[in-house]
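The structures come next, written out as structure tokens.
Each of the two complexes below includes chain A, the first together with chain B, the second together with chain C.
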Partner chain A sequence: MKITKKSRLTIILFILPALIVYLMWVIYPIISAIWMSMQKSDTLHSSHFVGIENYISVLKARLFWKSMKISFIFIIFTTIFQVILGFFYGYLVYLQPRGYRIYKILLFVPNVLPSVATGFIWSYIYSPSMGILKPFMEAIGLGQYYISPIADPKLALGAVIFAQIWCGLGVQVILFNSGFMNIPSEVIESARLDGATGWKMIKTMVIPMSWDITKMVIILQTIGALRSFDLIYVMTAGGPNHSTEVLPMHLFVNAFQNFNLGYGNVIAVVLFILAMLITIVMRKAMERESLYN
Partner chain B sequence: MRKESLKKLLAISLTGALTASTLLTGCGNAPKEKAETQDSEVQESADAETAAAESAAGDTKGSGETIEIKLSTTWTQGSVVQEEIENLIAKFEEEHPGVVIEHDALSTADLRTKLTVQAASGDMPDVSWCPQSYAREFIKDGLIIDWSGIVEEDPDWHAWFADPVFDALTEPDGKILLAPLEASIDGLYYNKAMFEEHGWTAPKTWDEFMTLIPKIKEAGITPIVTGGKDSRFAWMASAFLVRATGLDNFKSLCYGEDMTNWNNESTGFPTAVAKFKEMVDAGAFPNGVMGMSATEADQMFANEEAAMYYEGAWKVGNFESAGGAEFLEKLDRLDWPAMTDCPDGNPDTRVGGCFIGVMVKAGNEPEKEKLCIELAKSICSPDFGIPIMEKGGQVYPGVAEYDKSTCSEIMNKMIEAFHSADSYIPSMDGIAPPAVDLAIKQTAFPGIITKELDARQAVDEVQKAAEDYAASLEAQ
Partner chain C sequence: MLGNKKQKVLIYLALTIAAVLVILPLMWLFFTSFKSRADLAKNTWGLPKIWEYSNYITAWTGSRIPTYMWNSVRATATAILLTVVLATPVSYVVSRFRFRGNKLLYLFFIAGMMIPIHSTVIPIYTMVGNMKLNNSLEVLGLVYGAFRIPISIFILEGFMSALPRELEECAVIDGCSTANIFFKIIVPLSKDGIVTISILTVLSSWNELLISMLLISTPSKKTLPNGLMGFITEYNSEYTQLAAGIMISIIPAVLFYAFAQEKIEKGMIAGAIKG
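Up next is the complex of A and B:
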């Protein structure tokens, strides 16, 4: 179609509403966060321009690097476990064993719960005074050794990761399952006739043919984990002693408890850049149409 | 061809309408407000005489406008005060037709966060519960009103409160930050019945306290419990510091000449941290205290699995919820043990005082501001505060008499401790710069409990926060 001067105006007018919304709600906040990251708060309501001073103080802060490390551990473990378990359960459901619809619902139920509710549920499960783990330990005679995992800096992150996997797994199962359902049944049938069964079938047929969905699950899960906040806030509020303080939590503490909005905006910018980088690197690393290319 | 042109015209018109609606949705309030202002201006000129008469009577009835007052409090569903505040709101609305109060009740932690965000955006609630340390930041931006003029103009209202109460809320430049709402006083609550049963003596000195810890542990009971997960160390931090170094050094560290000397032995903070570590190393806290919320800690104390609990007067209500009225009968109160080996320490100062009040937003229309002040005064009045105190909800900071028979014995002791205190020091979150307070209660003390930090490292963490805060002040 030839684009004339007249039709160009029509195109622009059609694009304009969405463009305005996008500029107002996406681009403007990003630019605003970058601008605010270069401001130092004199008071809560007034600030002055300091260039990259906030960035320098963030990069020098021990707790920032600790948060960065915790964020990466959180991302890596939640992604690995959710992708592997999501694939496994998604495949099991795909095989349609007896009562598979029930399994599908059971696996998806935690996803329906808000993260805050999940946080409270797991806090109570771990609680030494109200939880179910301590009575279980007492029943086997080990009650005196029970320490809530969220009380121990060495275990707290693991406990939070476990809760996150529990509440996020359902979506991955559904996504993988829908990916497997899209594989043409004739292809699977042909492979089966050629002798592909069990692990061989998964390795040579299912993984390559569901690669697009796997890619999407990994990227979505990674970015989702990078932004995780509410579950951690409810379960540990970043403690004990900052051992579960992921970057969004570090942002919250500094911006809203420490009144240091400039510092908080630097973390926001860092999170934005990290999300972009992770997406680009992962897309590049996983760039292939299928196993046969 | 003509049909096509018509289609294009229709498309362009629709696009224009969509764009306009998008823009108007985003900025919808401004034209509406403007229109309302214009309408009200016309209305005002027409009803000028009536409005003037009504305004003089302090009544909005008949002015034709609804005044919405946004009120934020910490009196959430289930709290002792919740019913009282709802009644007060209903009564206020009834007495002031045309006034609608929108009450937003949040937990203290959530309200602190919300106030910070609202202050940063300049959109404060009209009337709100507020801690003194937050009000100090808000008044710098002119976000809240100064109460000094109101206190002067209204001697009757002033008379409700003793001078030390207003002194505590007054800045060096004479500005009064808040209307006094809630007083509190610390208490080392202990289970008197349990102590008598085991033959333990209530500890008055640090040495007695440290000697008692192993005895309690031998009985299979946790010596002291707190909500570590909720960083409930602000009161304890103040108690340790004032006993180790005294009032003057304490104040000097928080907002005086020693603001960047937290690691200096002469200021007493390293001693306070060393004492805290001594208590932790003796096994005073239960295993896993850092994963325990304040509610769980209350439950543990009420279940008589812990012998002592240290915090403010409002805890009485929590203990009653956790263990019932009969549990309160088992409790008694002590001052935090005196550290006899710390010559600078002040053994009689109690942590507490009045550092929670009601703020009123600055910059409202005079009529609305007047109503907000009236509402704040109602909330801080004896009529409202005394019944709450009698229910064990909080300590009223005023001088009014109350019916002691309605309060539990422990609550009466807390109120008595407030009125008989020689001097007060606020809890750490009420006096120290937020960065320093956070460094103490979220890093230093938890780090010692989890054994990730020794006393020196814990002090260094606080020192670093204090230096950063001081640097930010210099940049202003």
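Up next is the complex of A and C:
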């Protein structure tokens, strides 16, 4: 529709409120984060411009690189497991065995739980005094060696990743399932008549035909994992010895516990750039239309 | 669509393993919440010997969980109201009107989807502090709502573009004003899209911890995730009452899922496919 004189005012009134809120609470804060990342605070209310000084001190910080590494391990492992398991369970549900709806619902339940509750449940499952993991260890005669995996710097990240997969998998199952449902049934049927079954069917038909959804799940999951904070905060708060301190956690610790706002804002900018890079690079990398070519 | 018997058994086996892994921790929480402390120490796995309902009474009356829930309702409701009221008209304008900068405006709005909320927490914290708006659930809801604008416009724009235009065209010929067309035709037809963005807003706001922790410190104003953190520290050694409190806290989310299961799934798919 064209804008007429009469409708112009209405249209401006339709756009303006959203624009103001968006500019004030989303755009201004991110610009402000970039600006503040180049400031050093002298007192609580005054600061001066220092250019890239904060960036240099971040790039020199050992803990920053450790945090980067942890974030990448966290992203890579949660993505690999959630995509593979999501595909697998999405496919099983797609085959619609009797009662498949119940399985689909059950697998999704952890997603709607508050991460504080999930974090609590898993902390206690891992805990030596109340946990349900300890009896396992006792059964194989290793009970006295049991320590909570989230208290051990070597195991903590793995334990957190496991809990994250537990509470995040349902989304992937549903997304893959919906992707498979969109494959025209005639295509599947004719492949079946050509003798494609089981694994062959998955390899030659399902994976290529659902490449779009797979791409999307990978991108969404990667970005989501980059932003993970709540569950980790509840379970380990980044510890022990920074072993689970992913980037958002690193930001939180530096800005709100060490009160180093300049440093925190540099991490904020790094997170922002990573989020953009991941989206753009992954989209480009996976741009090929389908797997047929 | 299923293969032979052997395949069927394997399919059920795989599904059941996953289902058990999901249920077991929740069962453990459920049973723990009904045990006495002595019972829990001796018998971590099994059914409670005596079902202690008192854990629930203590957790409900001895904590602020009811207040936290109500606060979460307030913050989430504010976020929904804001997102719907702000995103719907914009989506209508960008999906229907041709003017210079239309595409640019749309891209500017949806670009916000790439901004991680964590990158903005320090400025938001400082801003809210400077304006002395800490401890306000409405401000918290405003921040949640503002961050839902990009994806909501994205979903609604797609939804509205797919709506037939004939009705509006007739209305224009009849001399109907733009505002009238929007309220009388577009909004009713977009009901499903609006429900979708509301549901996605609930899912992201109800469980949010970080912003809530930073903006709200008064105990009586804390939202559920934020309040539960304190509850967990406070009841640290009272596992059974703690478990009861956690059980209570997950009930609203589970009920919401039970009633809106299909809509939630559709919403997540809509949000994902376009995002």
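Keep this in mind: the second predicted complex is superposed on the first by the 264 of 293 C-alpha atoms of A that agree within 3 Å, B and C clash if a C-alpha of one lies under 4 Å from a C-alpha of the other, contacts with A are read in each partner's own complex, and residues count from 1 in each chain.
By definition in this document, contacts are C-beta pairs under 8 Å (C-beta built on N, C-alpha and C of every residue); 3 or more make two chains touch, one makes a residue touch a chain.
Because the structure is a prediction, the values reported are computed rather than measured.
In the superposed model, A:Ser46 makes contact with chain B only, not with chain C.
After overlaying the two complexes on the shared chain, residue contacts for A:Thr204 are found with neither chain B nor chain C. Considering which of chain B and chain C touches more of chain A, the answer is C.
Within the superposed three-chain model, A:Val21 lies in touch with chain B and with chain C [touch as defined at top]. By the touch criterion stated above, A:Ile150 is placed in contact with chain B alone, chain C being left untouched. Look at A:Ala33: by the touch rule set out above, it reaches chain C but stays clear of chain B.
In the superposed pair of complexes, A:Thr10 makes contact with chain B and with chain C alike. In the superposed model, A:Gln257 lies in contact with chain B only, and not with chain C. Within the superposed three-chain model, A:Leu226 lies in touch with chain C and out of touch with chain B [touch as defined at top]. Looking at chain A, you'll find residues 6, 10, 13-14, 17, 21, 24, 130, 256, 261 touch chain B in one structure and chain C in the other. Listed in rising order, the residues of chain B touching chain A in the complex are 8, 11-12, 15-16, 18-19, 22-23, 26, 112-113, 116-117, 119-120, 122, 137-138, 140-141, 143, 228-231, 286-293, 296, 299-300, 303, 305, 434-435, 438, 442-443, 446-447, 449-450, 452-453, 468, 472, 475-476.
Residues 1-3, 6-7, 10-11, 13-15, 17-19, 21-22, 24-30, 32-33, 36, 85, 88-89, 92-93, 95-97, 100, 103, 105-110, 112-117, 120-122, 124-125, 130-132, 134-135, 166, 169, 171, 174-175, 178, 197-198, 213, 216-217, 220, 223, 226-227, 229-230, 233-234, 247-248, 251-252, 255-256, 261, 264-265, 268-269, 271-272, 275-276, 279 of chain A are the ones touching chain C in the complex. Residues 1-3, 7-8, 11-12, 14-15, 18-19, 21-26, 28-29, 32, 40, 44-45, 82, 85-87, 89-90, 92-93, 96-99, 105, 109, 112, 114-127, 142-143, 145-147, 149-150, 153, 168, 172, 177-179, 182, 203, 206-210, 214, 224-225, 228-229, 232, 239, 242, 246, 249-250, 253-254, 256-257, 261, 264-265, 268-269, 272-273, 275 of chain C touch chain A in their complex. Residues of chain A that touch chain B in their complex: 6, 9-10, 13-14, 16-17, 20-21, 24, 40-46, 48, 50, 57, 123, 126-130, 146-153, 156, 236-243, 253, 256-261.
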